[in-house]
Amino acid sequence: MAGNSFGTLFRFTTFGESHGPAIGCIVDGVPPRLPLDEAFIQGFLDRRRPGQSRFVTQRQEPDAVRILSGVFEGLTTGTPVMLEIVNQDQRSRDYGEIKDRFRPGHADWTYQAKYGIRDHRGGGRSSARETASRVAAGAVARRVLETAPAPLTVRGALVQIGPHKVDRSRWDWAEVERNPFFCPDADTAALWADYLDGVRKAGSSIGAVVEVVASGVPAGWGEPIYDKLDGDLARAMMTINAVKGVEIGAGFAAAELSGEENADEMRAGPDGRPLFLSNRAGGILGGISTGQDIVVRFAVKPTSSILTPRRTIDTAGHETEIVTKGRHDPCVGIRAVPVGEAMMACVLADHFLRHRALVGAPGPVGDGSPLGDGDPVGG
Amino acid sequence: MAGNSFGTLFRFTTFGESHGPAIGCIVDGVPPRLPLDEAFIQGFLDRRRPGQSRFVTQRQEPDAVRILSGVFEGLTTGTPVMLEIVNQDQRSRDYGEIKDRFRPGHADWTYQAKYGIRDHRGGGRSSARETASRVAAGAVARRVLETAPAPLTVRGALVQIGPHKVDRSRWDWAEVERNPFFCPDADTAALWADYLDGVRKAGSSIGAVVEVVASGVPAGWGEPIYDKLDGDLARAMMTINAVKGVEIGAGFAAAELSGEENADEMRAGPDGRPLFLSNRAGGILGGISTGQDIVVRFAVKPTSSILTPRRTIDTAGHETEIVTKGRHDPCVGIRAVPVGEAMMACVLADHFLRHRALVGAPGPVGDGSPLGDGDPVGG
Amino acid sequence: MAGNSFGTLFRFTTFGESHGPAIGCIVDGVPPRLPLDEAFIQGFLDRRRPGQSRFVTQRQEPDAVRILSGVFEGLTTGTPVMLEIVNQDQRSRDYGEIKDRFRPGHADWTYQAKYGIRDHRGGGRSSARETASRVAAGAVARRVLETAPAPLTVRGALVQIGPHKVDRSRWDWAEVERNPFFCPDADTAALWADYLDGVRKAGSSIGAVVEVVASGVPAGWGEPIYDKLDGDLARAMMTINAVKGVEIGAGFAAAELSGEENADEMRAGPDGRPLFLSNRAGGILGGISTGQDIVVRFAVKPTSSILTPRRTIDTAGHETEIVTKGRHDPCVGIRAVPVGEAMMACVLADHFLRHRALVGAPGPVGDGSPLGDGDPVGG
Amino acid sequence: MAGNSFGTLFRFTTFGESHGPAIGCIVDGVPPRLPLDEAFIQGFLDRRRPGQSRFVTQRQEPDAVRILSGVFEGLTTGTPVMLEIVNQDQRSRDYGEIKDRFRPGHADWTYQAKYGIRDHRGGGRSSARETASRVAAGAVARRVLETAPAPLTVRGALVQIGPHKVDRSRWDWAEVERNPFFCPDADTAALWADYLDGVRKAGSSIGAVVEVVASGVPAGWGEPIYDKLDGDLARAMMTINAVKGVEIGAGFAAAELSGEENADEMRAGPDGRPLFLSNRAGGILGGISTGQDIVVRFAVKPTSSILTPRRTIDTAGHETEIVTKGRHDPCVGIRAVPVGEAMMACVLADHFLRHRALVGAPGPVGDGSPLGDGDPVGG
């Protein structure tokens, strides 16, 4: 089975190479009569767009999205939503030298080994440019989530660059939008700016950790056993370029906790629902949302495109070295923040629809009159 | 879409509750003419079986598997393989007190919230007993992997219990089978025995970390973008009961590495293939196997079934306390080792078949004569 | 991808060979809190059961179904429902002679060609015995359909045996249960009895046509473009053993109709919905239900198990002849009626859930109180 | 689950409305290193293109296809192939009057009932214009089939228009390309021309039957039980606009055959394979190809766009009439021929890959040297 689709009910399929004519996706399973236009999607793409600060790649791409189907007079129609982003700044001359050499840490060798052919221009399909399509799909997912029974937010932040973790006692979501790192603390952001300038000037790169939090997710989403909400989130995040680890709630720290420390106790909350006294579970138990915040973190490795010569082989099997010039991110974890948010939104939209299929729930709108007001009939 | 299946080409679907009449799975997509019998599968089930040491639950279950279909005269036929394990030791009296109270850290509340009904006996469907079906499926997956182009091994070990990590300098795979912890170092195993006796006697529990390694996987398996090998492994492990984090290769440590440290350099190896000088990637680049060892680690939280009273609510929404008696694992991470191995084997079997579909590769056997010797014809 | 599953949201996976220990299925995606017990399912199995008249095979099988999971205290729990039917009357001695010869019209040769191995006993997996699992799944599907917004019936009848078509002017659904042919007209049934006695005594067999009708299906079910309701029904019926053609509404007769004759005109009906003046469409337009009766017919070929010697080859490729003794149906179309009904019910249950996922709709029950009354919460 | 994808391993997803900016598809699961360019695909699109004779719609669309991804230097790369066709002749003024009225026999009412919103311009998503995407995907499928173990052809013909069936004794595949009907007999084509001129001048329309034949398909393709080759073909054809019936081999005629007449006898053929003496089975037994020609027929209803006023209701539920002006096909069955061929090719490509996954088979090319010659390694 081909591997370029994500999701079951809310499902998107992406296409496109870094230096081909265009990238984009078809989003299938979008409920009808949701408001959707290009400006809404563009807002999310702009957060991920390259060239916005000195800490990310200087490739110039407007990443202008165009809706080619599935929307009529400003509303989704229930048919597939096609989103296309034309590639502008291809500058393929930068990539000539990687045509015949495998860059360490990149997918050059594995694509060659798997397919016996490789679009070497900018990494081709394996380029992180593909994540723009995810962000576009994520915007549509947010429209779907707006029809959930209660308000729901999905937000991400960078919480670690190299050895420098964010000071959680100073966490401020509003700050995330004010600095070029999606950092929830201004002081940490200042520290990171200095640190990353050093990395950048050295032609090096550094890893990072991203945290994504969904608030307002009702209890009950997730489909045990193999489509657990945390299983789907783990897959979602691990498929983002350069991600090497994913954890939920306490995550790897749970290995050092006792049962007493780890299990979140409950008191009586509103409407007979539990009020949890902690959230080591990260909002998921048994693969199903608890009603608490869903908290996911993922580790992003440093980009392997650096200025230090590295030992490798060429396509003829001979030993050689390579230096990856071009325009690259000193910390690709930064731009992974909106991508992680998008994947979280897509996973939640999918599970919202799946849960609705299983147990039923009111749809987005409808006063019951079948004709003339856009309300579906018949079940 | 229902969530009780795993895999695409090699695909299993499990059923059964902890205290129902039986558990098991249908394994679909099994290539024909593989040797398979109950004894082979039983060997793997016995590694996961409860009651084998004082460090795991004392529930007595022979976990005897029976093949109900898909095998004829000792060989698979290409039709679905049904594996059934009858539940013996149900003792549902132990579970009466959890009927009306939600155990903290368990899925009691979330199952109730999702389905509005809950088989409370032993955790019902959310019990880790379900993982026996995974182990059975994993045995079939190993038969599939035996037909891969080169020998391939899948092995797991426990590498951390609470604060105590294994001494990697003393790693010995043979030792794994000699102690009750699947520990690759005898000294660490001795230390863990003392430590865990303390935990057990206190009626408490503790977390752990499992590592699973696949050696001999050829370069080229994995289906970018969304069915990357690491994405599927992340999902596979995260769906195991109590798992809260998954990492590949350097994992979360990659956040603190520079590009120079992280990217695995290459020298010329046999047949023009690269010889990697390190394995920070954990054997996967761009979602595709590199030919190196595939290394996955996952964190297992402590079981929430402990003897200390915990605050919770009952099904009427009233505040109360609960003590989970019964027979439980002080460190559920131990028995997660064979489960992790099984999931690795299933993921690899699936991707072996997927890669073979895409690029073609010789089948398991066959001398070309179509009839009388069991060789398929026709492409 | 393995081929033993049917459906997307309401999805069943079958296993088992004609003469293995058992057959059955796992039904996944069953909404919680539906009443379900073995007696309800058995009622449908009994309609398909062999040995009930002289016009069907005399194999003696009680086809007693057992629920192994997914039901707790008489209600479904939302977890997979496992249904098992133990094979009783295996008499594999009857099948010895077909071990080495390919029966014309059967799947003996194709299974050998595909898999290079074949369970020859009674046709193995290719036996129509597999359809008992479909009927069991269909019973569960009917429970799902009981929660649809309005009452819905699924009924089938045999409408043709050989050259003898039913007299439609005398159609009486009640009559279907009174004769051994599921014939909606007593006079036609009498004629068929005489005709089929002749076929049976000659050791021959004959084809038939089955019609299945669903009434009360609301407008709006079906997922264009590739999961159209009629596309799914066509696949569903064509996968039933011996089926060679499927048509919806006017079907093949539409080839000879003009646009004026074919398009069903509309007048104003209740609630602004259309009142159609005819039903050439068979209740489906654009792949979506119209609200009219859904009408499907399928042609069933004569069984190839006949007493006349037939030319064939053996597994060594030598020319030979074969006579298929044993206990067979002179008209397998008869027992295809409950199977066709079951497949219709499964397709509709799946599309009911799919439509509910897309646009939302009330679930089965629920007064909004989250705990203590079995009502799910959280959307 | 969203319904706009077809296939499992070879899988395409279509998008686009009749009068939106573009239509097209993403084809996923395309093996690497197949030759592919726009001219090859265009050749198939031109066969389906409107405006080529007076017997089809006069809408002017060049249907020029553009490859946006998945091809590098003339070869497929194993990544998704995106095919885009920009809509040119939208003339949406023609469709103003159908905005508020439901055309009988069209999907206007059902789309409104399902989605509560409807892109009325030219039928929106329900327009047969969508089938251009299928034809484009079918061209890619043919490239896949060229790598099958033996040469394989997929050809279609129109075999009936209204009451006039083709004279099968004069069948000539070469003739199919010489007349505007895809008719395999020149005399029948002449008769149809006269007949259809009458239909066209009367502003009426008429149904038809299409036959598609695949020759050279090896024995063994098809995945019992639910993904049988005939089941997938039935679904494939039934999802084509206006199709109301599908049959394989003898089809509905099998209902009147005896077991002696129906079962295809075998003699010894080359290599121990059977030489069948007839082909009532249509090349499929037990859902698996026999090695004979695969023969599928499907009935296409007359288009409901006719000049005779028809009774209907408007979107407010009031009774009214409608005449569908605009540019329409008097016999939509004609242009369904290349669409049926494309769907056959896609089903076969999918099952080719699925069979290869299950039992293994040589890939498209490869001399075993891993690097520098485009040959994949590693399994």
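Chains: A, B, C and D, in written order; residue numbering restarts at 1 for each.
Simple rule for what comes next: contacts are C-beta pairs under 8 Å (C-beta built on N, C-alpha and C of every residue); 3 or more make two chains touch, one makes a residue touch a chain.
The structure presented is a predicted model; accordingly, all values stated were derived computationally and were not measured.
Enquirer: So if I look at the partners of chain A and the partners of chain B, which chains show up in both lists?
Expert: Under the touch definition, chain A and chain B have C, D as mutual neighbours.
Enquirer: Where are there more C-beta contacts: A-D or B-D?
Expert: It is A-D, judged by the count of C-beta pairs in contact.
Enquirer: CA centre of chain B versus CA centre of chain D: separation in Å?
Expert: Inter-chain centre distance comes to 43 Å.
Enquirer: From the mean C-alpha coordinate of chain A to that of chain D, what's the distance rounded to whole Å?
Expert: Measuring from centre to centre gives 37 Å for this pair.
Enquirer: Indicate the residues of chain A shared as contacts by at least two other chains.
Expert: If we look for residues of chain A contacting two or more partner chains, we find 1-5, 8-9, 14, 29, 32, 78-79, 113-116, 125, 219-221, 224, 271-273, 289, 291, 316-317, 354-355, 359, 370-372, 376-378.
Enquirer: Mind listing the chain B positions that touch chain C in their complex?
Expert: My answer: residues 1-5, 8-11, 13-17, 20-24, 26, 28-29, 32-33, 66, 68-70, 72, 75-82, 112-119, 124-125, 315-317, 366, 370-378.
Enquirer: Provide the residue numbers of chain D that touch chain B in the complex, in ascending order.
Expert: Residue positions touching the partner: 1, 9, 29, 31-32, 78-79, 147-150, 218-221, 224, 271-273, 289, 291, 352-364, 369-372, 376-379.
Enquirer: Residues of chain C touching chain D in their complex?
Expert: 1-6, 8-9, 14, 102-107, 109-111, 113-116, 125-126, 130, 160-163, 199, 204-209, 219-228, 230-239, 244-268, 271-274, 277, 280-282, 284-291, 299-306, 308, 310-313, 316-319, 333, 354-355, 359
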